[in-house]
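What follows is a pair of complexes built around subunit A, which joins subunit B in one and subunit C in the other.
The block that comes next holds the complex of A and B.
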């Protein structure tokens, strides 16, 4: 695997739209060709090389390409957008849309990311070793297909609107989450190892939410069913099972409605 | 002598009352009296006659004082500001006519601006919800003639839309609603005992920030499922009663306002309220409608809808339209330093935006187009006064139910004063000259 290293040398005066920082766009290119790829600041088009020091050549295919991005990237949007293979490592904080519409490969951020990370994600693995902003793994505006596949792991906390319209894949949050989790979800799995606030599973049709900490306010549409023992992916303990959202539509199997499931840990 | 102009449209709120009578001088240069309007609407007409009205553009000087400039100079400053910027914000658009909005959109496209209207701090969240799950709506005429279950959620028309209740929602006698208010049941959901709530048959005094839970509880109640004993501070018996009241009507209408669109959850509250409306249609006829504020904020959504495909927060910087509230909305752009110039027309962000955003406007090249002196004109570099739309110039406006209504000119603007549309056309011409296209 070939490694391309990008180090930010000039900060944009507004924000940098760098949707070309993906193994797919870099594949088969030499350092100077990569430096010539376009980026945008507002309506102005610039070269990637105007803002980044580029070293190393890319592999022949995305799968053979690894990109390491260094520096303060908190004004850089769209890193790893639509990437389908290969690897990206971001050493620093990144702005919005990290790994949005990602289809494959691995993207690791050693820092925090702003909103809309993993928007409409279809596959691959997104690891955020800091905190994530709002709309992690959610649908883009107006789209009824949120995260459909792949896995997102956040070490820290996540913001609001986590996994909106999710219908596949998995999100694991190590810390706490803000309001609205899995709103409108029709599938997928969300694990929250810290605490949750309110509005978990609002308008949720199908899918699973696991909460290991506290929930401030439970949705009225979720009804307690029973206590169950769970052991999976390093989670082990006794959980209270709630089903809902009772107000939402649900498909039926053998005459019985299939509800979304919310598990809250109640014991070891 | 005087003459009376009848059937005048009121350019204040989204109710767009169309039955005003205005008394003007014979030469049409002075306006004396306004009849049938509410206090706010009447004031808008009368304010056009203010003796201390600003009638020429002015530019802020180094020492903070204003210097009068010509319209030509104001056009030059505006065109230069927009063409020099990498990503200008063009905000407002809600208190002007659709004709001006269309010209403004053309400028926005030419300079790669972000176009945003007052929905961004108002009913923009409703528009997000509409895009997510659709909306079963109707016109205000249908409500007057048919609705017998009126639900006001997080809005207070008694003060914000003063004639709404008498013209459309609670009191009027319509074709199938001959008994007026005695034939209607009114439900108000509001944490406060407002003047609108005092007219309600059922007032659900929801715990602040728990609207989403209460809406969800209504849906659970419609389906006859079990509820927790108390939801959002309201005992379940009262929720079942409200659900039954709504279901038993012939036509239910939900009106909603800032109390749900800008409190915790924002678009999700509306999303759930639309779902409540959809569920109600299983039992009776039901519709839902946002209580739009500015008289033509609906129109700016319409104009951009047909020009760009999105109703607000349209980012044209890359030459195609992008829309993502949370990123392309004015306050996010200002707060994050994503824009480098600010153009304001037909709105007052100085009064409505958080102070942190207003400071950003103050720190940038900025122009405010507004007939009045406002908090916005106080922080902008150039203030361009214009004629009052709906008073001194006509033009199309959209009512809160998306019905277009042609507003009327009733009085002449002060000598030599430009309209929004004239000013924008001149700016567009100058922008094209500078860009050499």
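The block that comes next holds the complex of A and C.
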């Protein structure tokens, strides 16, 4: 595994659109070539090297390439976008669309990320050791194809509209979440270890939500079914099972409709 | 203006009857001229290349409110598809609902120079014209929709052809429209009651009239006026298994009516996107092709022209004034739905759709469209369209040409279907070995549509006197080629002239052209009753005044008026 280190040296006047910061774009390139890859500031095209010190050469393939990005990246968008392999470590806070449409590999952020991290994600692992913004693992605006696969882990809190139009994969949030969880989802699994506010599973067709803390307001479209014992991935306890969204269409298996499931922990 | 001589190309031109022979095409003052009329032309070496007239699209949804709803509610259609400004080439975006700029450029890149917007809601004619104005290069016109219009329904209930014709003439002038379009006659009005008209004798609620009366009456009004184009219909019952009988019933409404037009067309009915209207069976499980039955009728009745509405197997955006159909579609695919009612005139719906090669019905639809063209006895009456963007985006026309010109290409696609055997069982295309020639393609994409539109005095050929709309493609028909070479070459014209201006040079956009908007000014005898009805309906029902309705001045900076005199 070869390591390329990027350290931000100039902050952009606007925001930097840096979708080239991926092992896939870097693979097979030397430091000077990587510095020559393009980035956008507004409608102007610049070189990656205009904003970052680049040291180290990439591996021959994405899988053999690790990228470490250092500094204040709160004005840098699209880090790791569409990455299919290799590894990216971000040491700092990053702006929107981190790991969006990611297909493989591992992306770790040692800081916070803004909105739309893991948008339309298909595979790989996205770990955020700080907080995540709104629309984590959601669909792009207008699209009906949200997160399809892979795994997102957030150590801190997440914002609103988590997992909108989620169809697969898994999101685990260590802390609390804001309103709107798994809206329109048709699959996938969301685990919230802290508290949730309201509007969980609105227009949800299929998939699972687990909440270990409190829920301020339950959607009226979810009906309580029964209490169940659950043991999975380090979670153990007694949960109340709700099914919904009763106002949505649901496919049937052996004549029985399949609902989305919401589990809330009620005991150890 | 500059003179050009396009030398030594392989020319395909149904007007001159040239079938791939070497010929020189001369351009002067915006027109095709005899080569002897040139003094010091700029010479374009077209040796080893294909030369045709500019393409003419008889039916596409490229401008106006429902196209813009599609753009607005599908940001994902533009995702990763933007192309920044480059020299004179302006910024472009979008795939199935592209920006106006991309619409103009992409048609030009395919060698098309004239494109008709197929459904203009009269109340939003201003918006439609604003978008056409912003579409570079192309000559365009728009068809106002009449088939669910309250004036038309009330006049035709009593078979008042003269009043209908006077209203049609007034509305064409007010909206700067080109032709009489009919979408799901009566059915879209019924949609206001949550209903539909599923066959030609299904009565329209409240109005006490049937789709058959609407279609026949509008054909008669169209011929009373002697308009350049015929009545242009999208029949009832679109997209439903078993609907081919409704289509045949609609065709029959044209029987016995003779064209009355100075503009050289032979048809009194153009039926659009016939692929969507040629289904047998009675549910999605047993749905099958009835293209043979449909084409048996078309082939034996020369007062009808049709276009294909070929499914291209893409993710696209459906949009139509057939409001009930779009509701039906969103119930099928559960994707987002936009629905609009246009006061006394029409309605519309928009739904994204994915035509997947993994779905049997999509495969059958793909076969049916191709069968229509492959079973056509007269390529001058069957035109290539995708009902853009309903069955697929217009940039797939070269792919449709490839499928029509190559049995090998069709077999490749059939092999790629998940339910290949079931698709073949339900269709005829696998047994058809016909491969269309470039001459026949020129008939289906140039000469035929131009004639059907009543524009063969301007477009569709390379005879001296016609507009200098000429495409040069990097394609040598006399050398061996793979099917994909057809698509590649016809997607990317090497040179294109629009009214004598070189708009593409060496595959690059060289000019934004001098786009014109065509409209038809039909003069009729004064009709105080119709004018009183118009005033009254605007006072009583419309949300706008007459003064805010008419399309004038700056909406058409470069109008081209076609005058028709129907005074008697």
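Methods note: the second predicted complex is superposed on the first by the 268 of 268 C-alpha atoms of A that agree within 3 Å, B and C clash if a C-alpha of one lies under 4 Å from a C-alpha of the other, contacts with A are read in each partner's own complex, and residues count from 1 in each chain.
To be clear about the criterion, a contact is a pair of C-beta atoms (placed from the backbone, for glycine too) under 8 Å apart; a residue touches a chain by one contact, two chains touch by 3 or more.
These numbers were taken from a predicted model, which means no experiment stands behind them.
In the three-chain model built by superposing on subunit A, subunit B clashes with subunit C. Of the two partners, subunit B and subunit C, it is B that touches more residues of subunit A.
When the two complexes are overlaid on their common chain A, residue A:221 makes contact with subunit B while staying clear of subunit C.
Look at A:239: by the touch rule set out above, it reaches neither subunit B nor subunit C.
In the superposition on chain A, contact of A:17 is made with subunit B only, not with subunit C. In the overlay built on the shared chain, the residue A:144 is in contact with subunit B and with subunit C.
By the touch criterion defined above, A:52 lies against neither subunit B nor subunit C after alignment on the C-alpha atoms of chain A.
Touch criterion met: A:199 reaches subunit B, while subunit C stays clear of it. Of the two partner chains placed by the overlay, only subunit B lies in contact with A:44; subunit C stays clear of it. After superposition on chain A, the stretch of subunit B whose C-alpha atoms clash with subunit C is 130-138, while the remaining options among 22-30, 58-66, 76-84 or 130-138 stay clear. Residues 43, 140-142, 144 of subunit A lie at the contact with subunit B in one complex and at the contact with subunit C in the other. On subunit A, the positions that touch subunit C within their shared complex are 43, 140-144, 249.
For subunit B in complex with subunit A, the residues that touch the partner chain are 85-87, 111-112, 128, 131-132, 210, 212-213, 216-220, 222-223, 225-228, 231, 264-265, 268, 271-272, 275, 279, 317-319, 323-327, 336-340. Listing the residues of subunit A that touch subunit B in their complex gives 13-15, 17, 40-44, 96, 115-116, 134-135, 140-142, 144, 179-180, 183-184, 198-199, 202-203, 217-221, 223, 245-248. Subunit C contributes residues 73-77, 79, 84, 334-336, 352 to its touches with subunit A in the complex.
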